[in-house]
Amino acid sequence: MANRTFIGLCLLPLAVFSLAFLALPLVRLVMASGEGTEGWGIYLQILQTPRYLQTLLQTVLVSLAVSVAALAISTTAGLFLARNRFPGRGALLSILTLPLAFPGVVVGFLIILLGGRQGLFNMLLPGHVVFAYSLLGLFLGYLYFSIPRVLLTVMAATEKLDPALEEAARTLGASPYRVVFDVILPGLAPSLVAAGAIAFATAMGAFGTAFTLATDIDVLPMVIYTEFTLSANIAMASALSVLLGLATWVLLLLARSFAGATVAAGG
Amino acid sequence: MRLTLPRFLQLAVTLLTAAFLIVPAIQSIVAGLTVNYFRGLSSGLTLRWVGEVWRLYADSILLSMGLAVACLGVTLVIGVPAAYALAKNPGRLSRILEEFISLPLAVPGLALALALLQLYGSMTGFRTSWTFILVGHVLYTLPFMVRSVLAVLMAMDLKSLEESAATLGASAATRFRTIVVPNAMPGILAGALTVVTLSIGEFNLTWMLHTPYLKTLPVGLADSYASMRLEIASAYTLVFFVMIVPLLMAMQWATDRAQRISR
Amino acid sequence: MTLTIRNASKTYPDGTRALLPTDLTVGQGEILSLLGPSGCGKTTLLRIIAGLETPDAGTEVRFDDEDVTRLAVERRNVGMVFQSYALFPNMSVRANIGYGLKVRKVPRAEREQRVDEVLALCRLGDYAERAVTALSGGQRQRVALARAMAPRPRILLLDEPLSALDAALRDSLRDELAAMLRQFRITAVFVTHDQAEALAIADRIAVMSQGRMQQVGPPEELYRTPVSSFVARFIGNAMPLPGSIVDGRLVLPGGHLPLPAGTSGTEVFVRAEDVHLDDAGPLAGTVETVAFSGGHYRIGIAGITGETLFATHPGRQAPRPGDSVRLRIDAGDLLVLPQDRS
């Protein structure tokens, strides 16, 4: 009996904290979304307002493009780094994974250094090459923080692949290309799905990068922010947050049930 | 390593990607140390901008460090016992609880911040104190601590270890202190480094929760990006890199180690 | 197909000399077993034959008259059964078995027909559509064998194909595998560290130790006339009889033994089944342990040599620990070998 009490005691701080600062606030958020002039009809209103719909579409498209690009790049680089040993490999690996915990604001600033008005491209190339504040800048910024995450997942999964599977395929006559498509990619598939979902969800909710780039592209987190601070439309900000949170959460849940691996977004 | 065509293409993609990631970081380091970025390195190197950053933002930097330490303390106190309890009862309820506290990994920080603001925004004393930001940081980093410790606990034969300690006369609390915590150390260390790293870099929640008198390092960064000259913004970014990069390397080392042990 | 290996050696990048220069020939339809303790280089040699490992310069691997030393693995047409089986988890049993035919672009109809044949031969017909993850250990082993055989390889290579199974299953599958390999009539090289497995399956056994080939020959020959003490100990657990040789007699603490005529070696070995309890025997000792193992007793006797000497005793009665006994060892059963280089 003393045993169970002790375990209960171990859980108590967690229970108190997550009730007070996670469960109740989330309930409050959902309630607040229904306290506007339209009541719960606000969710219907979102679906009928072209500005919100377009924002939603734009956010999804950018996030989708980022996930696909990050998957393609990171799988190529990850397989290469996992399968080859050469001088400089360690340094390359560090460069590719260190941006893991750079906050979105910093990434935004780095993109400005590349493609802003005073950026590298504008200084080196003739003509006016400024892309930081456009859709491309946003895409590159999201790509910047997605690559390390996806790369780490791909490399971890590659190391877990049984090398005997590839050897078996080769003894059976498969060319190196066939081995990639018949053995390696199917073996990596669950991790790729998981990593793609993380990249997608992170891009959907990313705020710092868009904020720093002060882009004129409407993405969902920016719209939530302006609804809340500038328009003081608390109900709408809450409703959009609920939708965004629900979407990313469900997506990650689906990805995890498919992949069976632990999936964590963040940043 | 023989360089065949496919290998060459892979290498090219890898190098281009690395360039994309490292070049702007180098630019910001250089910009933070040159007298005038637009005249280039020929204008000379200086620590003036770093000094300026310290004059303008010392409070933010110190606040972030303090917050990270406090956040680490809280996540240790809440997370380690919780991970132990979850490892002892690997049932459905535990899964649901773990899933629930992991919500902040999936739900964007902006949404969480809005939720916190609406529930506690009117408690002025709490709202304007640094503990309000701390709550946000703990919310976001706690799942990392719990999962990291839980993974190590699940990988070892906790049951036999504890049973043998119990037959030798150790009480539940003694077993936790002398058996569970020491054996979970690799996970605790990895979790701790992750918590500190993430807390120092956290922006999404903090931007919404902060007050004009309580700016953390990343909030200060955003501020400098918007209003300071490029050299100062770069120097501030450089200061951030100097803090975060060693932490990140330590975090990756500790995480790898914990994973090797879990296997 | 005849496999000929000349001067094969392998040094890993870290400097490990896993295989010292080795020659070996495996005849058409012959089943050769590579036998040796862990780490002696068996897998390395097998992977050199398969083309999965690049051997040191000077190595030559021939399939019949063709020099395949530099041929890529996927073009050698070998069949290989991996220790872990390495079945593709994203494919069904049928797709696994058909994979080698598919990458060779064998037309679909012919492919299906050949897969069906192999399925029947390996008694896997009922499981064809299953996922490979839903099979027992023994079934997986048969799928791995069927997959390796389906493309009609020139040689079959097996790396400890039974070691992933538990002990009871291993014994029953050993004879089944032997029968199946005979039925295929294929040249096969079979790696194992279990002498019982090698004795049961192989036509010839190659005993390896520390990267070196010790002896190659039929099982009976290795058992009866080992060329080194390593082979004698490894096959049939021969026990050393350390003593001095005086006038063609072996002098032991427990008595004297006549040696067979015309031997030149310096180390003498004997196997437990050749040590007989005999009241008129020339050796005297004291019973230390008695273990009953079904058909016979295994009796440990002190005082003959410095260590415990074991005798296999087939009678219905056994002496007790502490009893004094006399032993006989026939001169023809003594293995007199030269000192091992070490």
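A, B and C are the chain letters, set down in written order, and residue numbers restart from 1 in every chain.
One rule holds for everything that comes next: contacts are C-beta pairs under 8 Å (C-beta built on N, C-alpha and C of every residue); 3 or more make two chains touch, one makes a residue touch a chain.
The model shown is predicted, which means the values in this text are computed figures rather than measured ones.
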**Message:** Graph shape for the chains shown, where an edge means the two chains touch. Line, ring, star, complete, or other?
**Reply:** line
**Request:** Tell me which chain's centre, taken as the mean of its C-alpha atoms, is farthest from chain B.
**Result:** C
**Asked** So how far apart, in whole Å, are chain A and chain C when each is placed at the average of its C-alpha atoms?
**Response** 54
**Complete:** Cα centre of chain B to Cα centre of chain C, whole Å, reads 55
**Item:** Approximate Å spacing (C-alpha centroids) for the pair chain A, chain B
**Value:** 16
**Prompt:** For chain A, which residues count as touching chain C in their complex?
**Reply:** 162, 164-165, 167-175, 178, 182-183, 186-187, 189
**Item:** Residues on chain B engaged by chain A in the complex (per definition of touch)
**Value:** 1, 6-7, 9-11, 13-15, 17-18, 20-25, 27-28, 31, 37-38, 77-79, 81-82, 84-86, 88-89, 97, 100-112, 114-116, 118-120, 135, 138-140, 142-144, 146-147, 171-173, 176, 197-198, 201-204, 207, 218, 221-222, 225-226, 230, 233-234, 237, 240, 244-245, 247-249, 251-252
**Contacting residues of chain C [partner chain A, same complex]** = 50-52, 72-80, 82-84, 86-90, 99-100, 103-104, 147-148, 151, 157
**Asked** What residues of chain A sit close enough to touch chain B in their complex?
**Response** 2-3, 6-11, 13-14, 17-18, 21-26, 28-29, 32, 73, 76-77, 79-81, 84-86, 92, 94-106, 108-114, 118, 120, 140, 144, 147-148, 176-177, 201, 204-208, 211-212, 214, 221, 224-225, 228, 234, 237-238, 241-242, 244-245, 248-249, 252-253, 262, 264-267
